[in-house]
Amino acid sequence: MESPAYRTGIGASDADTIHLLGQNLATDLLGQITFGELAYWLITKRRPADGQRALFEAVLVALADHGFTPTAIAARVTLLSAPDSLQGAVAAGLLGGGSRFLGVTEDAANFLHDAIARLDRPPDSDDGWDTVARQLVTDTKAAGRFVPGLGHPVHKSGDPRTPVLFDLARRHGVFGAHLALFEAIGRVHPAVLGRALPLNGAGVCGAVLADIEIPLGVTRGVALLARCAGLIGHLAEELIDPIANDIYRAVDDHTDYRPA
Amino acid sequence: MESPAYRTGIGASDADTIHLLGQNLATDLLGQITFGELAYWLITKRRPADGQRALFEAVLVALADHGFTPTAIAARVTLLSAPDSLQGAVAAGLLGGGSRFLGVTEDAANFLHDAIARLDRPPDSDDGWDTVARQLVTDTKAAGRFVPGLGHPVHKSGDPRTPVLFDLARRHGVFGAHLALFEAIGRVHPAVLGRALPLNGAGVCGAVLADIEIPLGVTRGVALLARCAGLIGHLAEELIDPIANDIYRAVDDHTDYRPA
Amino acid sequence: MESPAYRTGIGASDADTIHLLGQNLATDLLGQITFGELAYWLITKRRPADGQRALFEAVLVALADHGFTPTAIAARVTLLSAPDSLQGAVAAGLLGGGSRFLGVTEDAANFLHDAIARLDRPPDSDDGWDTVARQLVTDTKAAGRFVPGLGHPVHKSGDPRTPVLFDLARRHGVFGAHLALFEAIGRVHPAVLGRALPLNGAGVCGAVLADIEIPLGVTRGVALLARCAGLIGHLAEELIDPIANDIYRAVDDHTDYRPA
Amino acid sequence: MESPAYRTGIGASDADTIHLLGQNLATDLLGQITFGELAYWLITKRRPADGQRALFEAVLVALADHGFTPTAIAARVTLLSAPDSLQGAVAAGLLGGGSRFLGVTEDAANFLHDAIARLDRPPDSDDGWDTVARQLVTDTKAAGRFVPGLGHPVHKSGDPRTPVLFDLARRHGVFGAHLALFEAIGRVHPAVLGRALPLNGAGVCGAVLADIEIPLGVTRGVALLARCAGLIGHLAEELIDPIANDIYRAVDDHTDYRPA
């Protein structure tokens, strides 16, 4: 039986050339684009426009770290236990990038996309978006669900990333329907829900990613890439100023053993 | 017993501010630095100089993808098998980032660093570096070991990334001792080993990372971050143009079952 | 602030004793129970009855290996790429244990459980179960969904594990409602669907696990434990008779590069 | 080009039969062997003798859990963060199974094996083993290294698993050279090192695995399989009585932010 051929548009090499995304890696890309720009290109198979590139870098910066999250804790205690395998510690950290802690970005992008897809045509004014948002929040509440991207356990009176990302998107000309709807949700939800919640940074990042045309199926991947840098930072720090053994001891020494 | 405190210089949040690396994430970083620059800063706790930033981005671009490597294969077949968990597929791919396929970057950085650390003082001329390199290659051969970064299975007459990275380092003013020694190895090894081998891209990336002051213990982490972007590209492609099932079928259908 | 205490009924140690599940590991468990029995106990917090133990061991044996699955391929290419980290290769393999390849066991258990939970009381005859099964298959088909555990790509005229597991459950006195309903589905589905499909082994394992009182949320965990042994077998074989590099070469050498 | 064939002695299927290790899974194995016995067979390609089987089960039981280790912590916080992916939480836990926490078993097996391989022929008396052990401990100390398997942070006056495993090995007729040498180290080391240390359970497990002919390259794999059951127990408990969020909060709330 003949071997199948394996299609890819990402990369291939021959004796003299490394091809990447239809470019010559050595002569066309090295030293000429940032890593963030390459990541956008890898994910979408399109070189980003300037504004798309700027906002993609900003989202990666926004999502890189959130302090001692479960992902950082998992990475650090894994390095403690298996110091010979940095890749294992990074992988352990990324495995926490699922539905709960990194999922808001993905959930917000999907939520906004679905709402926009149901419109005959997108509104062309803030008032129009407010009407859409009011109905959407009302319907979501009635269904007993939460609006993804709304609320934050720490930044109760406003996530500091949110206005900056709105502003960056406007200045770079990529403020599209997803951001418009998300911003409108921010304006109208207090009247529907009876209390004012912040638009959180993970949610606005989801709206940005949708507006800069990241495929919905890989928005979680962007959050993972961002977090990968943060985790490597945590591990680099753990190598010179370790705290994982303190975490381990604090847990193990406070075991409350209750056999059935 | 009192809880211990957990030191970190990476990040922390309070109600109004997200602190990252001593900066205000929202006002000082978002929209003002690239993701590559942030990654350097996270790893070293220092903002890179311009040349360091440029070469760090170039190394990340150089190492992002190598086509259908074992890491890309592992990521794609894992997505096939567990499509509900993109983070699992990324993690499976990164777990291949160990001593063999991604290890050359780390090995080259360590090898060059150790050789330089043994010098009373670094040479100040190409001739001087050639003398050092000649002794180093001779000693390494005598010990029955290989020089990391020398040789490539495909790019037999020269890795196209290597001269570009040498040139970029020179133009950006970060061509230091590690690159000088690596370049000298390229000049002198044929006379010692009896054949001319290319200086490969993974090796020159290791030399660059050492010259731009990435700590040796996390050079592998830089390769993992680069590969993370490549893997997400492979997974984004797999979602719309899948080939993992073809790999699985090609292997399973050609099982040569030989029980003991 | 005071440290919280961390509850567990699994294990704890003091200077003289290792406590596990309320037992003394050294004097009560070592040499007195099998690993399979301990695994059941760890998962359920109850020592299995004899029949539960026997069927739990049988399910673990049934699910340990399926040849060159994506999980085995991922584990082997990861070992090729990172031979220094056996745990990374095992983890990469297990990460394929998601919704598709290992998911049938979990899906079947949940599907059967939900159907039984909707009954006023379970039937006490095969005829009674046939009536329940007929309605269930009809409703599932009407909803455009598949019956989990029905059909197999290779064992088209019958999965050889299925009758053996039915028989073992009967002989050991643990043939309960889930197996009864699953067996009834096997009898009635051809009349509803218009074709006869095999009850597959993964599905019957799900029915067994539900009947021996494995919590539904961790049936996937049982499949992962079984597969862990299979993966370590593959890796032990790869260490002495490697084929991962052949997989890698067969894929990479047949790259069909199609840049956008 | 023709596809290569992929050799394996583990398993293969055809329409009617599932072959595993040269046996018919359905008719020869299901209900007839324990999971532990199958795991031994998968790893070694040989069915264990009765004594080998008994001790292999005992080692798996001995290594399954050690309370709130870094591996259990990593698994639990990963489940907290990505509850949709049980396999990710198991994998994160196993990734801690590296050189430090699970490594003693492997290190002890290798250490004993190497010492025995250097003997012209193994002694046939306790006195003979004591002489070998005395020299070995002396040489190891002189080299500035530790004897793997000697010492325990909690069980300072004796690991309760150790005498039980010695006794089980004797009763089952598999007490071989590795256990004999390890036991002798226990007798002679105080005179050489100046203090009495316990022979720990991980070390004696390594000696047992070597004596029952587990290949040295996969002793770590046995520890991983054992731990896999323990981790699934922790995750099953976390699903119904969660403590991972308490760990996360205890760490995050005690962040001591110290930017450079």
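Order of writing sets the labels: A, B, C and D. Residues in every chain begin at 1.
Following the convention adopted for this analysis, a residue touches a chain if its C-beta (ideal position, glycine included) is under 8 Å from a C-beta of that chain, and two chains touch if they have at least 3 such contacts.
Here the structure is a predicted model, which is why all the values come from computation and not from measurement.
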| request: State which chains count as neighbours of chain A and simultaneously of chain D. | output: B, C
| message | I need the rotation angle between the copies chain B and chain C from a CA superposition, between 0 and 180°, in steps of 5. | response | 180
| Most distant chain from chain D, judged by the mean position of its C-alpha atoms | A
| remark: Chain-centre distance (mean CA atoms) for chain B and chain C, in whole Å, is 39
| remark: chain B and chain D have mean C-alpha positions lying a whole-number Å distance apart equal to 33
| field | Approximate Å spacing (C-alpha centroids) for the pair chain C, chain D | value | 24
| Do you know which chain C residues sit against two or more other chains? | 1, 3-4, 6-9, 11-12, 45, 67-68, 82, 84-85, 87-88, 91-92, 95-98, 102, 247, 250-251, 254-255
| task | Mind listing the chain C positions that touch chain D in their complex? | result | 1, 3-4, 6-18, 20, 24-27, 29-31, 33-36, 38-39, 42-45, 54, 57-58, 60-62, 64-68, 85-88, 90-92, 94-98, 102, 154-158, 160-161, 163-165, 168, 201, 215, 217-218, 220-222, 224-226, 228-230, 232-237, 239-241, 243, 246-247, 249-250, 253-254
| query | Which chain C residues qualify as touching chain A in the complex? | reply | 3-9, 11-12, 19, 21-22, 45-46, 82, 84-85, 87-88, 91, 95, 250-251, 254-260
| field | Footprint of chain A on chain D - complex, ascending | value | 1-3, 67-71, 73-74, 77-78, 80-85, 88-89, 91-92, 95-102, 244, 247-248, 250-252, 255
